Structure formats: structure tokens, C-alpha cells
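What follows is a set of structures to go through.
Same chain, two partners: subunit A is paired with subunit B first, then with subunit C.
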Partner chain A sequence: MNAITKPKFLYSKGFDTFKNFLFTLPAVSIFTIFYILPFYFIFNLSMHEWNGISPTMTFVGLENFAELMGDEIWWKSMWNAAYITLIALTLQNMVAFALALACDRDIRMKKFYRVVFFIPPVLSEVVVGLIWRWILEAGKQGGEYYGLLNYYLHKIGLVSLVNDWLSDPETALSCIAVVHCWKGFGWGFIMLLAGLQTIDKQLYEAARVDGANSWQTFKNVTVPMMVPVILVVVILTVLGSMQVFVLVMSMVGQGLVYHTDVPVLRILSAMDGTKRFGYACAMGVNFGLILIMVSVFFKIISNRMKQA
Partner chain B sequence: MKTINRIFCLCLCLLVTAGLLSSCAQKEEDPNTVVMWHWLTDRQSVLQELADRYKDETGITVKMELFAPTAYSQRIIASAQAKVLPDIYGILDKKQTFASFIDSGYVAELTEEFEKDNGAWEKSLFEKAINVNRFEEGNVYDVKPGIYGVPVDVTNTQMLYNKKLLAKAGIAKAPETMDEFLVAIEALKRVGISGLVSGWGESWMAGAFASNYAFNIMGEEKIMATYKGDVPYTDPDWIKVFRVFQRLSQAGAFIEGIVTKPNKFAEQDFALERAAFAYNGSWCVNVYHNMNPDLEYGVMLPPAVESDYPMLIWGGAGTSFVVNASSEKKQKAIDFLKWFTEKEQQAYFSKETRNLPANKEALASIPEVLEDFAKMMDRTTHPTIWKYNEDHVVSEKFEKGLQSIIIGEKTPEQVAQEVQEAKERVMKRQAR
Partner chain C sequence: MIDKYQSIKTIKGIFIHTFLMSVALTCLLPLLWMVRCSLMTNRAIFTDKSLIPHEIHFANYLEAWSKGNFGAYFLNSVIYTTCVVFGIVIISSLAAYAFSRLKFPGRNFFFYMFVAAMMIPLPGSFVPLFVLMNKLGLINTRFGYVLCMINVGLSMSILLLKTFFDKMPKDLEDAARIDGCGRLGIWWNVALPLARPAIAVIVIFNSLNVWNEYILAQLLLTNNSLMPLQRGIMHFAETNSVDYHLLMAGLTIAALPIVGIYLLMQKHIIKGLSSGAVVG
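For the complex of A and B:
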């Protein structure tokens, strides 16, 4: 019986490259179809004037981007989102870190707390928004406030603090930011707790042997070991907070003047209200680029900190 | 191992080929099934019941597919782009969008059907409701004149008053003028009752309320001239419209938080007797009945400011459906809509859903409060029947301006100036 000899080209370097390309093809195709192509279409649309229905579009070049640069409401919405993000980065992540530290210790019912702290993130944003709206309601019936917060402020004698929380430009955005933190701290908590549990306990013991107190141990052992996790939490917080909008809609409807507008709401308004799909896409591209820049910025910081 | 790998690869290839073939193949459609997309979450069971009755009578199945109201408009637009619109659907948007759908060939013209048998179908329905679906000769959208949709119920937006709370404050009758209304507000405040509640977190409602006063203060001609760009928003009459809100706000007529209140919350407030007056559409009869069946209330026009022009209210077709122009079952879809708007079906639909029927003859069996709403159908007007519509950017500025006035952030003059600036920007863009 003759031995079957495989053709020579099967052993060539070119065929190897082809095989490698073939194996990556499914992933590349999926990435192209679901990421590259939509992004291309959005960018292409952003250079057109189109009402979303008509079969024809008008090419306007970079006009939509130029108009966007002078759109004060758009930049105000960006500032509002940045404000929510700032509150989330500080308040939300500090609470998450503090609770993660508490649950990392040997305390009673720590498993119960872990479950409880993770309830807000799994709730629907609409439900959370409506519940908090009910808590922050300002109306009165029969001389009693029916919003839970005002009711208790009134009951405990803090009448001067009673407020129309969601219709006051001074407090509306802060209320949304606080509720956003309440809803989101569970994610940070879980990730930070997981990070804390990966720290080698021997490091703490060594620090204790060296005479370090709790604060020194936290500052010199916990924080440096947690830097990579903290950076991931920070990036996710920034991306999540900048894109908040369901919560805003369920708490203040279409917004309190422009004091509670956020970028996604403006994009929706351009698309659904004015039917300017091209302009909405220009907003989307602009917003996406800003988020990419923020992520890259944090990535650079992360790399530098790792090197240090 | 090699054999297993070969079998696995073969299966994978077959699966991919089958997938490709099935996606390329045309879906077989049942010629006796008409698909209708709607957003009427509270009326799905009634619609389904009517569809079942229609099947019993004609053998034609009408498949009712319900979608979330919040996402319905986007779904329709996306389906139009993908050319997968159903046989019957509704366009929940401005007349301009409606015109774009017609212009793009997604909506069938129904004029001929309405005119058949001496216009029997057209005559059976409220004219104002038909007009919402009609494009007149020389319309600004350049749409071929005709009727393009079928109204299945009608609606109008008025003010409501709680009889018990008014009596408690010693108010004998519902106020008819703004001065009377402000006196009533004072009386209500003395007994600790809030005045007016409405869902102005949904800004179109505040815009509609302002529009009522615009009609009362300056009449339709001047409003249209403003939308066209001939009269500025800084005109004294427009400032008068903005001042209505300032006056009401300064008198403490609004319930706390009105500017961000969603209409569902506002409806709850009125149903739970937290406010004496509400501004809401006729659909509220069903909502209030479900929330508080014992609520005693009446219907009134918004209190007038001037007497030169009548107070007009927003209204017309509440729900309209159109037929897909490229549907192969176009005639079957039209036949179903004709049947749906007949007296018998309309009476059932109205009775079960507590909404005003589009068929005039079906009015006989509606509740008293709905009758009061129906009496004012002659006073209705709506952006969908106006010659000109305001651009969304300007409307948004206008509605946000109303919020600013209510919360005391800006004066009517400042808001008028800002709205006019927005109008000028839009006109410049449109000219480009």
C-alpha cells in the first residue's frame, strides 16, 4: 500500500498564516458586523441631514459637528453628567470601599450584608427612580407631607429642610446623583470586596509584626494592592455615570428646564423630537469619543501606577 | 478523535448553511391573517376580544401585537427603515412625521374608501378625528391631498374639578374665568387643599395648556403667523400667555413639583383627592375609575383670560391607525378598520375602555363624565390639523421656558426673548 503524502504547501509558512487567519475569522467577522460597521454607519449618518424615515439623505459634511460645538444645551448636559460622575466617583466609591472593607473582616452576618448591598444594582432603574420619586415627593394632603423624606423631616422638626427636591434647580441634579450612587454602589462593593480577598493575609501579618497600626496597614498594604481594582471600578463608574438617563427620566420626566438634562437624553431628543438623526449621530460620535478619551486617560494612569 | 472532529465540522457546516438558507428564504404569510401593531396597553384585552369577534364573523384573523408605548414610535421608524411594517399600525408622532411616512410610501391613501357609498364611512365618524388624518389641498408638507388614517377613538384635554373638595372650600360652581379661578385657589389654600395638578414632567402637556391660552388671547391666525415666522414670540400677546403661568405660580395655584411630575403621578394625585383641579385628557376617565371608583368630579374648560377669542382645547383623534401601502392584505386591513369603526364595535370599545368613540352614533351609551368631554369636541384643535407646526427645538425652548417661569427662575419677557432667539436660529438653519 502506498503511503499518502500530503501536498507540500500544507507545510508552508503561508498556509500557516492562512490557517491562523481562518481561525480568527469568526471573531473578526462578529466584531466587524456588530462594532465596526455600526460605528461606520453612525459616523456616516452624522455627516448627513436625515429625518429617519425618508429614503433620501442630504450630505452636510461636518456641519452637524460644527453646530454641536456651539450647542450650549449639549455642553450643559455634558457638565450635568460630569457632575453626577464626580459624585459617583467620590461618594459612591467611598461607600463601596468602606462597606467592602467592613465585609472583608470577620463580622457577623457578612454573607447577609453582601446580598443586601447587591440588591440595588439588580433592581430596574425605572423602579428605583419611581420609588425615589415617591420618597422625594413634595406635596401635602390634609396638612401632612406625603413624600417620605419631607414627612420625616417635618416630623422630627427640621421644617426648614423640607423642600420640593426634584423641582428645585439647586437640588434636583444632586438628588439624581445620590440615587444613582445608591443604585450603583453595589457593583463597586462586589468588585472591591473580590479585590480585597485576593490580598495575601501574610502581608497584613508582616505589617502587624513590623508594628504598623490599622491606618498604616490600610495606607501601605491595602491601598497599593488594590490600585488595579480601584482603577477598573473608577473606569466603570465613569462610563456608567456619564451614560445615565433612565433614572433621570423616571425621576424628573423630560427634565427640570435644562438643569437635569444628560447627554443621552439630548441624543434621544434630537432623534425622537426634532427627527434630526444626523445631528443625533454627531452627538453620539462626539460623546463616544469623549468617553474613549476618558478611558484612555485612566488606562495611562493605571499603566504608570503599575510601573511605579 | 479525527472522526469526531470531522463529524463536528460537518455538523457545523450544515448548521451554518441551514441558517443562511432560512434567513434568505421568504417567510410564508397566511393570506387570512392581518397583523396590527398597537401601543394601547390598557386596551389589549378589548382589542383582542374584537379581533376574536371579527374572526368569528369573517374568518379573517387579526393578530394584535402590543408594544410598549415608550418604544412604539422608534419601533415604527426602525421597521419602516427595514421595510417590515405590519398591515395596520399607528404613527404616534407629529403631522410632519406622518407626512414623511406617506411621502416615503409607507401609508395607503384611504380617501376612496371613505368616499364610497356617498361617504357613509366618513360621515359616521367625528369630523375633527378624520381631519387629524387628512391632508388638505396645498398643505405645507406637499402631501397629495386625501385621508390617510382611521380614527378609532377621540379625545380632548380639559380641566377637571373635584366636586367634594370644591364644596369643602365653599366654592359653589366651577370657575369660568381666570379671576374666578384665582379666587377659588385662595379659598382652597385656606382649607389646605392644593390647586392644580397635571403631568407637566411630560412637557407637551404644559405646552398644550399654554396653547389653549394662546388661542384664547390672540386667536389661531396670529399663532400660525408666529409659527410661520411672521410674528415674534416677543409680541405682547405671547408675553400675556407666559404671564398666565407667572400669575398662577405666584398665586400658588400649582401643586408642588408640577414641573417634573409624570402624568401617572398627577393622575394619582387627583384620584386620591390631593388636588382640587387637574388638567388631563379624556382617557383619564378610565384611569380615575381604576384608581378611585368613588371619585366625584366634573369637566370644565381652562378658565379664560380674554373674551375676544374662544378658549380652544387640544383634541381630535385619540388613536388612529394607518394601512401599510405595500401590504398584500391591504383591502383586508381596510375592511377590518371599517368594521372596527362601526357603531356596534365602537359602543363596545367605548364602554369597556371608557374612552370616547370615534363613531358619533356610538356616543349614546357612554358615562356622564365622558359625555361632558364629548360636548366640547367642537372646541377642539390640534397641531395635526394646523397649517403650520412649530419646530421641535422651539417647542422645547417654549416648554422649558414655561418651567422656568413656574419655578420663578425667569420672567415671561426673558423666556419670550429666548424662545424668539431659538426660533431665529431654526429659521436660519432651515434657510440653509
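For the complex of A and C:
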């Protein structure tokens, strides 16, 4: 026997279980402090009026939410984000799917394409935004446009199309949406390609033996097999595009408030600009609920499609 | 008949390659334009329109580097990325191992808590997080920022590793246990080395995420000397909005390392992403 005997409880079953729990302790404590606490805070703060500094907050109940319902700029920003999302869903995902289909067959330089298409997604939104801001620049120097797009539009004779892309309220949001697609399609492409490669090649052969042409094969084999992957891509696109804002910030700043504002930017300016923390939290809760509803909606659709 | 079939195939091939090539060029041209502009003088940018500049000025990079204080920003970004990724791998693998192999009450509850966090989007969470960090006195500290970013990547990593551990055969662990390995020893000597493919995916995803993160860095790190690269570029762009050659040089400095690392490791990255996509 050792001189120092360990206390008996160290050998008990309960302590053993506790040691098992200790493995998860770092993760659980970080999660509690940085996720659950803020989660509680955001609901709590959304019912208060607080400037972020003063030691007292005033309880206002649901007043922030009531004000939010009538906040025209907030709903406009929501609409702007929805517009970007809509373009991302159609343009970005269609291009991604077409590219994935093209790369799924035996063609040359497959690897090259795969590598290149994923370059925009690895860049940061700040870098992407600033590069494109410079390309869409509308200034003139010595009678020539120095923004790449306007310069070439002018050169090939499409003078009527030359535009101050990012200052014109008509085009600014669309430009942001297109750049967002440029940055994002690589993700969809990689995921859809991975999905396409898991489809059993025998299915295609069987379809061909049955006399299906390539359109019929696509419609009756590829698409049904791809539904789960497509839905993951769709949900990720929606959640990602709705919450876009660094790109907006780096492309147009906060200049065209009404026309290019997106919800996250509104939350940020309510907090950092006007110092209304409670109102900012109410926006966050409201936006979060909308996002949950949208993803539940897509989940229901996906279940329906699986049953069909 | 065969000739007709062949020619249709060729035409199809040309069509597909034109499509792929045009998209590939759309991906590359903006970047080439950026590099091009970064090598010219500010005056030449406005007068010279050829794709390859007549005079090449590498001095722009030096000027941008020192003027934008990129050295410090760079170092900060490297510190944050390594600390966060290291922390995520250790913490999430410990937790995932416990969720997969060890028994304790509330195991499923805690696991589904992490999964649920992934499903519930909390877009304004930076507001309460800022308030909380303020209360804890962690504003403007590297430690606070790193902890926040670890939390961001935790859920996904735990889910990924738990699915991986669940599929892992138990024999090796049993052998290690017979050889006298404790829980911690098995985790370190058996589970972690075997989980290398999953850990690679986690490292890739989270490195990208931390390196490119912007919003928390802006809110939590107002001190100039603590800012990561993304904040640094934005700051540089705000102060040098007329010096396009310097701005483009700064952007190239910021973009080049990540594109370089990506090109070096693209095989692993795309493989990891594809497997991650199928799991997700």
C-alpha cells in the first residue's frame, strides 16, 4: 500500500462517469458562454431600450417589435436581400448545376476547371468587393473611362450601356447580386458535382438500354437522384444570401442606404450607428425567425418530393 | 454513320468547352486585372489599357506593405487562424469522442444541443455577443476573439467528427485498452490519428472561415494593432481610395497567400469538400 491512499470516491462509478463528462466540458462551456448566453441576451435585450453604455435599461415589452413592423427601411432591406437570394437561387445555382453536369462527363482539363471554379469562394468578401468596385468604377480620366466594364462597353460601341453601376440605385443591387453569384457558385458546383459522382453509372446504362435520350435520362435519372443534394444547396444558398453584408459594405459602403441595404447591415447600423441595442436585437430575432420559417418551408418541400 | 456520330460529339465537346472556358475566364479575369493594376503606376492605370503593363513596378508592393501596415495585420491573422483551428480540433475531437464512445448522463442532450445550434440561424448574434464580451472585459483582446471564433466552428466540427468516430471500428481501441491505455490515451493515440481525414476537412473549412472573417473582428477588435488582415484591407481601402495602384497591390497581398495555399492543397481541399458535402 502506498503511503498516500487516494480517497475512496475516486474509484467509484459515479466519478468515472464524471470523468467521461469532462471530455465534453471545454466544448460545453464555450458553447454555453458564447452561444446560449447570447441567445438569452438577444431575446432579453429585444424587449428593452438600451444605448449600450448606460447602466440602466428600460423595459419596453414588445414595443421594439411593433416599431419594427412599421419600419419601412427594415422591410426594404429584407426585400433587397430576398432579391439577391432570388438571383443567387436562379442564376448562381443554374450555372453551378450546368457546370457540374459538364464536368461530370469525360472531358479534358476537368481538373483545371474544378480548381479554377473554386478560386472565387476562397477569396474573402472584402477582397472580392473591392476588386469589383474597381472594375465597375464609373470615373473618367482624360476622356476615357477607367473602370474595366465601362471602358470595354465604350470601346465596343455600347455607349448607351455605360453606367455608374454602383451609384445608380437602379443597378447597384443587381451588381451586388451578380458579384455575390460570382463569389458563390463554386460552392454549389463542388457539392453538386460530388452528388453527381455518387449516382450509380448503371442507372444511366439501364436508361440507355431502355431507349431514353439524354434529356429523358437527365429528367428521369439525374434530377430525381439529385433532389437531396439540390435541396442542401438551395437551403445553404438561401441562408447565405439572405445574410450577405460584407460584400455590400465593401462594394457600396453605406452610401445608398435605401437601395442596397440588407438586414444584417441594418442590425449593425442600429447597434453601432444609432446605439439602439434593443432595437438591433429585435431586428435580429425577427430576421432569425424569418430564416427559420424559410428553411422549414424548404424542408417540408423536400420531404414531399422524397415521398413523391 | 460513324462520321456523323463523331462530328456531333466534336461539336458537343466544343460547345461544352466554350461554356466551361468562358466561366473559367470570368473567374480569372478580375484577379488578373487586379494583379495587372497592382504593377503599374497610378498614372499608367488611367492611360495604359493593355492587359500586360508596359512598365512593371514591384515597388508598389513594398509601398503598400509598409503604408498599410500589412506586416502586423498579417501576423495577427496568422495567430488567430492557428489558435482557433488548433483549439477547434482539440476541443471538438474531445467532445465528439465522448459523444461517440463514452457513457454519461445527458450525452444525447448535449450532442443534440450542438446539432440544434447549427440548424438555428441567429443573424444578429453579434449584438449580444458584443454586449457579453464587454461585460467580461474581453473586448480588444486576442483571447476573446479566439474564443468567439472557436465557438463559431465548434458545432460543425463536433458533428463531423462524431459521425466519423461512430463508423470507426472499435477493435483498435480495445487493443489499446488491453495495453493499458486510459481514455485520454486512446483519444490521443488511437482516435485522433485515425480521424485524420475528418480533421483535414475541419482544418480547411475553419482556416478559410477565420482567415476571411470580418464582422466579429470589426466589433471586438477596435484596437489597430489587434486587427486581422481583412479589417486591415478595409481600413487601407478607406484611407487610400485614390491610389488605385496601392489599393490593388494591397488586395493582391491579401489574396495571394490564400489562393497560393489553395492551389498547393487543392487536391485535398476539393476532396475534403466533396466528402463533406455528401455527409452534409
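We adopt the following convention: the second predicted complex is superposed on the first by the 270 of 308 C-alpha atoms of A that agree within 3 Å, B and C clash if a C-alpha of one lies under 4 Å from a C-alpha of the other, contacts with A are read in each partner's own complex, and residues count from 1 in each chain.
Please note the rule applied: contacts are C-beta pairs under 8 Å (C-beta built on N, C-alpha and C of every residue); 3 or more make two chains touch, one makes a residue touch a chain.
The model shown is predicted, which means the values in this text are computed figures rather than measured ones.
**Q** Looking at the combined model built on subunit A, do subunit B and subunit C fit side by side or clash?
**A** Once both complexes are aligned on subunit A, subunit B and subunit C clash.
**Q** First (subunit B), second (subunit C), both or neither: which does A:Ala172 touch?
**A** In the superposed model, A:Ala172 contacts subunit B only, not subunit C.
**Q** Please work out whether A:Met94 is in contact with subunit B alone, subunit C alone, both, or neither, and reply first, second, both or neither.
**A** After superposing on A, A:Met94 lies clear of both subunit B and subunit C.
**Q** By the touch definition at the top of the document, which applies to A:Phe34: first (subunit B), second (subunit C), both, or neither?
**A** Only subunit C; A:Phe34 stays clear of subunit B.
**Q** Is A:Gly52 touching the first partner subunit B, the second partner subunit C, both, or neither of them?
**A** Both partners, subunit B and subunit C.
**Q** State whether A:Met293 touches subunit B only (first), subunit C only (second), both chains, or neither.
**A** Touch partners of A:Met293: none, neither subunit B nor subunit C.
**Q** So, does A:Asp164 touch the first partner subunit B, the second partner subunit C, both, or neither?
**A** It touches subunit B, and subunit C stays clear.
**Q** Which partner, once the models are overlaid, touches more of subunit A's residues, subunit C or subunit B?
**A** Touching more of subunit A: C.
**Q** Have a look at where A:Met69 lands relative to subunit B and subunit C in the superposition and call it first, second, both or neither.
**A** In the superposition, A:Met69 touches no partner, neither subunit B nor subunit C.
**Q** Is A:Tyr146 contacted by the first partner subunit B, the second partner subunit C, both or neither?
**A** In the superposed model, A:Tyr146 contacts both subunit B and subunit C.
**Q** Once the shared chain is lined up, is A:Ala206 touching subunit B (first), subunit C (second), both, or neither of them?
**A** A:Ala206 sits against neither subunit B nor subunit C.
**Q** Pick out the stretch of subunit C that clashes with subunit B after the overlay, from 91-99, 109-117, 163-171 or 235-243.
**A** 235-243
**Q** Where on subunit A do the contacts from subunit B and from subunit C line up?
**A** 52, 141-142, 146, 271-272
**Q** Hey, which residues of subunit A end up touching subunit B in the complex?
**A** Spelled out, the residues of subunit A in touch with subunit B are 51-55, 67, 133, 137-143, 146, 164, 166-169, 172, 251-258, 269, 271-275.
**Q** Can you check the complex and tell me which residues of subunit A touch subunit C?
**A** Within the complex, subunit A touches subunit C at residues 17-21, 23-24, 26-28, 30-31, 33-35, 37-39, 41-42, 45, 52, 95, 98-99, 102-103, 105, 107-109, 112-120, 122-127, 130-132, 134-135, 141-142, 144, 146, 148, 151, 182, 190-191, 193-195, 197-198, 229, 232, 239, 242-243, 245-246, 249-250, 263-264, 267-268, 271-272, 277, 280-281, 283-285, 287-288, 291-292, 295.
**Q** Sort out for me which residues of subunit B touch subunit A in the complex.
**A** Interface residues on subunit B, with respect to subunit A: 73-74, 77, 80-81, 96-97, 100-101, 103-104, 106, 192, 194, 199-203, 255-262, 265, 269, 272-275, 391-393, 396, 400, 403-404, 407, 409, 429.
**Q** Which subunit C residues qualify as touching subunit A in the complex?
**A** Listed in rising order, the residues of subunit C that touch subunit A are 13, 16-17, 19-20, 23-24, 26-28, 30-31, 33-34, 37, 45-47, 49, 90-92, 94-95, 97-99, 102-106, 110, 113-114, 117, 119-132, 147-148, 150-151, 154-155, 158, 183, 187, 208, 211-212, 214-215, 219, 230, 233-234, 237, 244, 247-248, 251, 254-255, 258-259, 262-263, 266, 269-270, 273-275, 277-278, 280.
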